[in-house]
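When the chains are written out, they are named A, B and C in that same order, and each has its own residue count from 1.
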């Protein structure tokens, strides 16, 4: 291991999975400990770096689901299976699955926000004994933006899945409407002990947590994943700091009791 | 009353519209003076004039309403101002020895203004010392930076302060403030290349906006002071026009030399029939051709390699005649 | 042990020290001020004690030796990375007590919080500090209120009184040299400030609703977001990483980190075009609260060391200390409005 944490390592692209025209998953060679919700800095010398959440973890690889929004991610999309990418990481605290085990669990995810929780969803999907009922509310802008459609087929068999798009024609495969609109009628055995994870764009997280609290969830049973400009990933460069927290170091996953104060 | 109007004009008095009354004109080279001279002006205005005082376009004062017969007394009172401002004069208590070469005017310059690239007052005083007294009709003005608040292009010689921005890459924090300032406030000589500004020397007018904008002193001013010398602007009746660029990145010594050389050129070529012995230099150059002027003006002038000369020069303006 | 030197004695010590260290201190850069015919006092390499400016505050701090303005992290080709080399020679940095306290803040961020920053560490290991005695505060200083007016955590100290230099030296290997060159050996206490003209009243609570305080609105219009306050600050540590390539084929280049300012546009941009804290008043809040509240929450002491440089440099005459002094009242107001 290089002691210089700024120097990235080369990792081979094992597979490229195309979800939408601007969202691909890159399966990258990686041997080491990593948790869902953590992220890697994908480094494109000459273009810079982009923080990308781990969307899947397997033997000898990690999945990085990348949305093409800037110059770095644009360059990453020029790469193919067999090419290599420079990576640094994993960074951030990630989701500790044990935090959510034992009771009812609701996961609310919006857009690429599904990536960081994908590992959590799959974990509990594959381990029904670790929870007492599970609901996934996943929202995308439109049908064209839906990620991980294969996963949803599996998840639908494992848990209560509400897949929804903000705009679209009615369809039996999914709902139409914002994720928040499905929170009030959530059927729960004991909302006071139920746990929730919210990941997505800032506005979506704000409204979703408000709806969860309204539904009766306790603040201490909600976790959120903050999104900020992350540059070094090491708690040095300052860009992701909110109050006394560095999202890249202390987060991106925060208990709502902490996260609610990280306003900007 | 018998008054030699030619003599009084040379003595910086004026024939006014009021019979038997004159006005005294006080030069203030560089337009900056110690406040202690104001009581003297006040006294002259109140004791000899009509109690008023005009601030002239050329940054001097004009005290109207003075009886012709009081000129000697007024001259005596002006002595402290003339010597105090270190104006060249020939005869003690004789007032100003000439009026043809006008007061050298200047913007407030770097004694006050953050934009100014040099001490305009000091340079104006230096030029005054070199050219005055002289009866030839020369108008010289100085301005601290390319903003040209002093409107020097309306003068025979316009001197615009410049600095050659020096870039220290290691101090650059790549914030882009210089590029933004140059683009929005100046000529767009800076562009971002590899996160850092790159300067197009051709486009750069040495205004110093980048230096002022830089938050980390990556841009600083050159040790050398540079100027742009503009030539032969004029107002007036026949062909008013703005002065055109003559030398960019010129040094102070060369400017003084060119001005002094021009006096010799004008003495040689001025229309001997010119009414009142007064002819704008520009009309003389129009007559002799620019080449002849250039030959005279550049005698003994050694410009640095950086200096960029415009030659031949062309002027436009409004042509009434 | 302390020593008193004449100028000559100082010179002979200096020439020995220079063999070992590059020596940096506040010095005068003639004609290098922002405005024409003005000088700038800032840090630079000095070759004699006489070059050191004792009676003026350096406009910029000493942090540049540990955290260069622009630092190359590594060089790259398409598939290879070569770590940049570190400066070879050791450094001796002259600085006042406030700035020495600032180094502690840099250490906190770069060595103590999370990962160890190897680029910072390799420079940090090469630096020795000479505390410059500071007998009298400048107008904008408020070190006493920040508890940074005094420091014993130095390697050497220096005070200049008339033509004599008084030095303390805690580095054993130099004691012989110092003793040989000194006019006499005596106890030396570096001077320190005990009273400042400017005072600050630090907040004792920080309601979350301070976000909404009217205190910040004023800066929306006044602040021009130039970042000078950050760049002169001895405790600002932010940077941005940049990849630059050597032109032509564009295949080789370097990654560097460059000082960043939370006041300047672009700092809080996120991929996809969004940006946090668009208003300048919001940036002011982010900066000010970090300096006097957020950092303290994490590390137990305020980030700001009270050097007053941000007040000195602001072209819009925005005073940080004035803003800090408005915090208590603003906190009370937002709490009452809740």
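In the analysis below, contacts are C-beta pairs under 8 Å (C-beta built on N, C-alpha and C of every residue); 3 or more make two chains touch, one makes a residue touch a chain.
Nothing here was measured: the structure is a model prediction, and the numbers come from that model.
Asker: If you check the contacts of chain B and chain C, which chains show up for both?
Answerer: Correct list: empty, since no chain touches both.
Asker: If we define chain centres by averaging CA atoms, which chain lands farthest from chain C? Would you check?
Answerer: Greatest centre separation from chain C goes to chain B.
Asker: Using CA atoms only, can you tell me which chain is the most central one in this structure?
Answerer: Most central by this criterion: C.
Asker: Take the average of all CA coordinates in chain B, do the same for chain C, and state the distance between these two points in whole angstrom.
Answerer: Inter-chain centre distance comes to 45 Å.
Asker: Could you please state the distance in Å, as a whole number, between where the Cα atoms of chain A are centred and where those of chain C are centred?
Answerer: Centres of chain A and chain C (C-alpha means) sit 38 Å apart.
Asker: Can you work out the whole-Å distance between the CA centroids of chain A and chain B?
Answerer: Using C-alpha averages as centres, the distance is 69 Å.
Asker: By the touch rule stated above, which residues of chain C touch at least two different other chains?
Answerer: 240, 242, 245, 260
Asker: Give the list of chain C residues in touch with chain A in this complex.
Answerer: Within the complex, chain C contacts chain A at residues 73-74, 76-79, 81, 83, 109-110, 113-119, 208, 211, 237-243, 245, 250-251, 253, 255, 257, 260, 262, 267-273, 276-277, 282, 286, 289-290, 294-295, 297-298.
Asker: Which bits of chain C are touching chain B when the two form their complex?
Answerer: 29, 31-32, 34-37, 40, 42, 59-60, 68-70, 226-228, 231, 240, 242, 244-245, 247, 258-261, 264
Asker: Report the residues of chain A in contact with chain C in the complex, numbered from low to high.
Answerer: 3-8, 10, 44-50, 67, 69-70, 72-73, 84, 86, 227-229, 231-232, 234-239, 241, 243-244, 246, 249, 261, 263-264
Asker: Using the touch rule from the top, collect the residues of chain B that touch chain C in their complex.
Answerer: 110, 114, 116-119, 161, 163, 169-175, 177, 194-195, 208, 211-213, 215-218, 220-221, 223, 225
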